[in-house]
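Given below, in the form of structure tokens, are the structures.
Both of the next two complexes hold chain A, though its partner changes from chain B to chain C.
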Partner chain A sequence: MLEDILGSIFSAGTFNQMLRSATPVALAALGGAMTEHAGIMNIGMDGMILMGAFFGVLGSYLFGSAAAGVAMVLAMGVVVGLFFALFVVKFRSDEFIIGTALNTLALGLTSFLSRSIFGTAGTKGNPALPTVHIPGLDSIPFLGQVLNDNSLFVYLTWALVLVMWLFVYKTPYGFWLRASGEKPETLRTAGIAPEKMKWLASILCGLFCGLAGAHLSLGQLQGTFAENMANSRGYIAFACVIFSKANPVMAFVAALMFGFFDAIGLRLQDYISSDLTNTIPYIITVVMMVYVVVRSQRRKRRAGGRLTRKQA
Partner chain B sequence: MDEIAVRFEHISMAFPGVLANDDVSLDIKKGEVFALVGENGAGKSTLMNVLYGINTPTDGRVFIKGREMTDFDPKTAISMGVGMVHQHFMLVPSFTVAQNIVLSREPRKGKVFFDNAAAQRKTRELVEEYGLEVDPAEPVEELSVGLQQRVEILKTLYRGAEILILDEPTAVLTPQETDELFAVIRRVVREKGMTVIIITHKLYEVMAISDRVGVMRKGALVGVRNTSDVDERTLASMMVGRPMLYDELEKTGAPGDVMIQVQNLTVRDNRGLTAVDGLSLSVRAGEVLGIAAIEGNGQSELIEAITGMRKIESGHVTICGQDATGLSPGAIRDLGLAHVPEDRLATGLSRDATVTDNLLTGKQRRPEFNRFRFHQRTSTIERYARELYEKFDIRGAGTDVTVGSMSGGNMQKVVIAREFSFDSPVLIVAQPTRGVDVGAIEFIHSRIIARRNAGCAILLCSADLDEVFRLSDRIVTLYEGKITGEYTGPYSKQEIGLGMTGARHDGKEAAS
Partner chain C sequence: MKKINWGYLGSLCISVLLAFAIGAVILAVAGFSPLQAYGAMIDGAFSNARHVGDWLEYAMVLCLTGLACVLGSRVGIFNVGGEGQLLLGAVAACQVGVWLTGLSAWIVIPAAALAAMAVGGLYALIPGWLKVKVKVNEVITTIMLNTIAASFCQYLAKGPWKNPNKNMVAATAQLDTRYWFTNLIPNSNLSTAIIAAAVITFLTWYIMQKTSVGYEMKLTGQNPRFAFFSGIKTDRLVILCMVISGAMCGLVGMFRVYGVEHLYRSSISNQYYFEGLTVAMIAQYNPVTVIFLSFFFAILKIGAQGMELSAGVPNQIYLIIQTVIIFFMAAESGIFASLRAGAMRRRARADIRRKGDESHA
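Up next, the complex of A and B:
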């Protein structure tokens, strides 16, 4: 019995499932990392993902191609990002309220539009994103099974993680972005408006969350939209952002961790009630947050022990 | 040498409800150190923010090296050679020195990537050229305030500044750091031909460093003088618009019994580290004991411990001969202590309550204001509040407005009025004049000395060393939670400065 369970947990299937579950969370977390660096507490990612999921299917349904769906998602992502920045950056509204409003709005709007356009039965089987087969990878045992034949966005995510890491830590724009969140006035007196970086971060966040949604509806579910299909992944992504201190690579690792426990949960459904197994990723999230708190307190204590330097 | 670096022509700057600059015309010569002085709110910073492009003037024109400034934004100002070191440093704490210095003008690799090696190299070149020693790879958050200021100056130099504006640069520095800063200023002026504009309210610094001085009052420039032609007293009078009696405060009476006794006190800070380390001190009736320390050396925690706002780890506090260790703030006040806290907004006042309510705080239960310990006697309270309001020269829109709507100086007077009117035998005063203008400082100082002369034991803690010197009968220096020296007048700034940075005074041990 135990061997069965362990065998099923540490199978190639689990790790493949881990990648698939982690991808939307990782994409959204990349977006969240941008707003986090710009000093915006963004809890509206869940809504942004949901919008992406819906408009991806809508584009695919209307134009009969997944590429058109993705194009629509990108356009939508920019609009959502602009909308968010308009209130948070321009009007300086409370970001918590705007994030919540965005989530509620997205839930209502996508459900309404879905029913109006697709009817109560919803829509499925629209043109979906392709899976990518890498020839030769199959010959590697285990790893080949895990890494090969995934949906396009799984691979795109890896590339984006690297690109965004370079952007944040290796380009001047990344420095400006971080300065805009950490000490906006410093950036202003250096001659760059911090608001610009905040607008940029919001738009990037809209784009990434949109892609996360597109992966859910056009990738994982092969062109299907279901109401509230973001299913709190935006919040998990937010947890990943906090856990990783908005470092794209670490956020990806955190998302993988989430994905791993999500996959285990699915495996354990054969043995334990699914209501219980579904809670596993969320319990892990809570554990992650506890770790964050402990870490920051320990750091505070250490920082206090370190004396500032004397005059040279 | 009489080339004009900056020319202000009829600059006016209106903010909603205030005319911050009123028709200011001023020429600043190339290669001079120009000091700009004035009370808080006189418009000095506003004028300099115009020059740095942060404020767009409502009226008037600015010329930099003969070229008119058309766009008012920092980018333009920087490109025209203006650099500014703000009062609150404009540095990103998590970035390194080099990264802060090159921010917005980063050296790049392959057009898109930040070239960290080049940033450090350029920083090192500047460090060597100007002799401002600092490690380019060190994160700014780990530097002392004095070094952070160096980074700020280096930043303006990196951006090619020829006109350097320093906004109250010495407010956060120790006397030694101030001397070093002045040496740097002299060097850049003499060797690099830079023009330096320094905003300050410390008049002896004006005398020490500047060639010329401009005095502002209520938004207008009231006079420009050669520094050699004026003295501190003249400048003070110009600043407040009436003859200033910056006289010695008259101290009378002899010290009486010990009223505040602190023995082997150990207190931890918010991070759980020892902030006050086995400290002992005592203050007698009719005496002001001043604490001189650089921020973060335990003075705040010491005062919080004495007043019951912070847990005492070990040791004893005695107020008026009674043990006050571990008592609540209210119980300690009942022993005869009044306290002007260092942060008036955090612990000194209720921002949203009226002036009357704030003045009454702590006295609500007194029978004259209260019937049956339940019902407030409104008219008596209002009369009392108005009395204090006038007695302490609070200037505002009356006693019914919220304290939050008042200026910092008047808020501080509300705190002073409330605490001093307890007529308590013990008074703890922290930062009594932080952010308060010259006229009000004079008033507050005279009140403190009046309390002293009336036999009150006063423990004074202030970041303003001049204030500590002026008011104290004795001074102790505090460093990392320990007393490093005890001094009686006449005080030497250098000696006390050394004590504040940890050097022991005359071999006198703090533990004794």
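Up next, the complex of A and C:
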């Protein structure tokens, strides 16, 4: 019995599932990392993902191709990012209120539009994103099964993680972006308006969260939209951002960790009620949040200790 | 009598009107007649006694959940986890009623209320304690706990506490009719729970606005360091408020079970706490405003449901209108500031131009 369970947990299928579950969270976390660097507490990611999921399916349904769906999602991402920045940056509204309101608005708007356009709360069977088959990869025994034949965005995510890491840490724009959150006045003295970087971060966040949603509806679920399908992934992505201190590579690692526990939950469904296994990734997220804070406090204490020794 | 804040009232009215205008545009784009839809909405809320009963019941839910949220934000902790606390309270209260079947209602109902409050309060204690003692962001933890609670209740309703009737999917056993709250308007959701709710509302308002504890809460929320150094035990106060907030949410769950559904299933609350939270935000965390706004938003909600039945318009338009109001209210000062800045810039430019003209002349 135990051997069965362990065997199914540590199978190639689990690790493949880990990649699939991690991808939308990782994409959203990349966007969240941008706003986090710009000093915006963005808890509206869940709504952005949901909008991405809906508009992806809508574009795919209207124009009959997943590419059109993705194009629509990109347009939507820019609009949502601008909308978010308008309130948070321009009008200086409370980030918490705007984020929460954005999530509720996304829920209302997507459900309303889904019911008025499709006539039901959801839709399925629309043109979906292709899966990618890499020839030759199958010959590697374990890795081949895990890495091959995934949805297009799974591979796109890997590339984007690298690009965003380079962007944040190796380009002047990334430098300004980080400065706009950490020391906005210094940046202003250097002649660059921190607000501009905040607008840019919001738009990038809208784009990435939109892609996360598009992956969810067009990739993972093959052209399906269901009410509230983001299912708190935006908040999990936010936890990943905090965990990684907004480092894109570490955020991806955090998302993989979430994906791993999600995959374990799915495996355990054969043995325990799925309602219980569904809670695993969320419990892990809470534990992760606690760990982050405890870690940073311990570090602070250690740093403080060193300082006093130096002074003495 | 305190002075009415006319500035707030004015911007609220403008926000509501603008939200309805935007709602009308969305309705028109989606192919519905806005006038017909809004007519159906008003009709849906007041056309018969049953709808009025539903309206009052929903206003009660909004008011209690909204006040629960205010209770937290007063001391600077955002309880976003009310949904989970509500569901757990509902399932616990229901199961207590099922276990104690046969005893007098005088024992069962208080026991169920206590169970609901205890479960809701304890569930709120987790994020509250984590926030105060470990400094973990409560927004994320409470939202995660919501999802965990919803799944767990679903597990209980499908598994160990399942309804003996095979046709009932994902529902717990039904309460004995003796324990049901008496219906005040036949066929509506309105039950005697609203009397208890009125008492709780009054107490919450009284404690927050009229007692020294309420003043300490306000101080803690606005300036925790000052509050701490003036001798207020801020940590304890924050945790206490969070627990009471959770207990109130649990109690709302119990009211829904004993007053409306008479068993636990997921329809006990369809993200109701989030709608209460929205009301609290629009009210800018003022308890009295929460009470008034609850009645207003309950009209929208019940009206929207009636509108869906009679005019075929999806009721989610209600959520859209509500969030647009929040956006306007939250941005109100910012919008005015940027308008003022724009006017100043224009005036300055006109000045420069005038001076330029003068120097040329």
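By our rule, the second predicted complex is superposed on the first by the 305 of 312 C-alpha atoms of A that agree within 3 Å, B and C clash if a C-alpha of one lies under 4 Å from a C-alpha of the other, contacts with A are read in each partner's own complex, and residues count from 1 in each chain.
Just so it is clear, contacts are C-beta pairs under 8 Å (C-beta built on N, C-alpha and C of every residue); 3 or more make two chains touch, one makes a residue touch a chain.
All figures in this text were calculated on a predicted structure; none of them were measured in a lab.
Residue contacts after overlaying the shared chain place A:Leu187 against chain B, while chain C stays out of touching range. In the superposition on chain A, A:Leu105 contacts chain C only, with no contact to chain B. In the superposed model, A:His133 makes contact with neither chain B nor chain C.
Once the two complexes are laid over each other on the shared chain, residue contacts for A:Lys90 go to chain C alone; chain B is not touched. Look at A:Arg295: by the touch rule set out above, it reaches neither chain B nor chain C.
Counted by residues of chain A touched, the larger count belongs to C, out of chain B and chain C. When the two structures are aligned on the shared chain, A:Arg178 is found in touch with chain B, with no touch to chain C.
Within chain A, not a single residue is touched by chain B in the first complex and by chain C in the second. Every residue of chain C that touches chain A in the complex is listed here, in rising order: 26, 30-32, 78, 80, 130, 134-137, 139-141, 143-148, 151-152, 154-155, 158-159, 271, 274, 277-278, 281, 313-314, 316-320, 322-324, 326-327, 330-331, 333-335, 337-338.
Residues of chain B touching chain A in their complex: 52, 54, 73-75, 78, 84, 86, 88, 90-95, 99-100, 103-106, 108, 112-114, 133-134, 138, 142-144, 146-147, 176-177, 180, 269, 271-273, 501. By the touch rule above, chain A contacts chain C in their complex via residues 43, 87, 90-94, 96-98, 100-102, 104-105, 107-109, 111-113, 115-117, 231-232, 235-236, 238-239, 242, 273, 275-276, 278-279, 282-283, 285-286, 289-290, 293-294, 297. Residue ranges on chain A touching chain B, taken from their complex, read 166, 170-172, 174-176, 178-179, 182-183, 185-192, 300-301, 303-306, 308-312.
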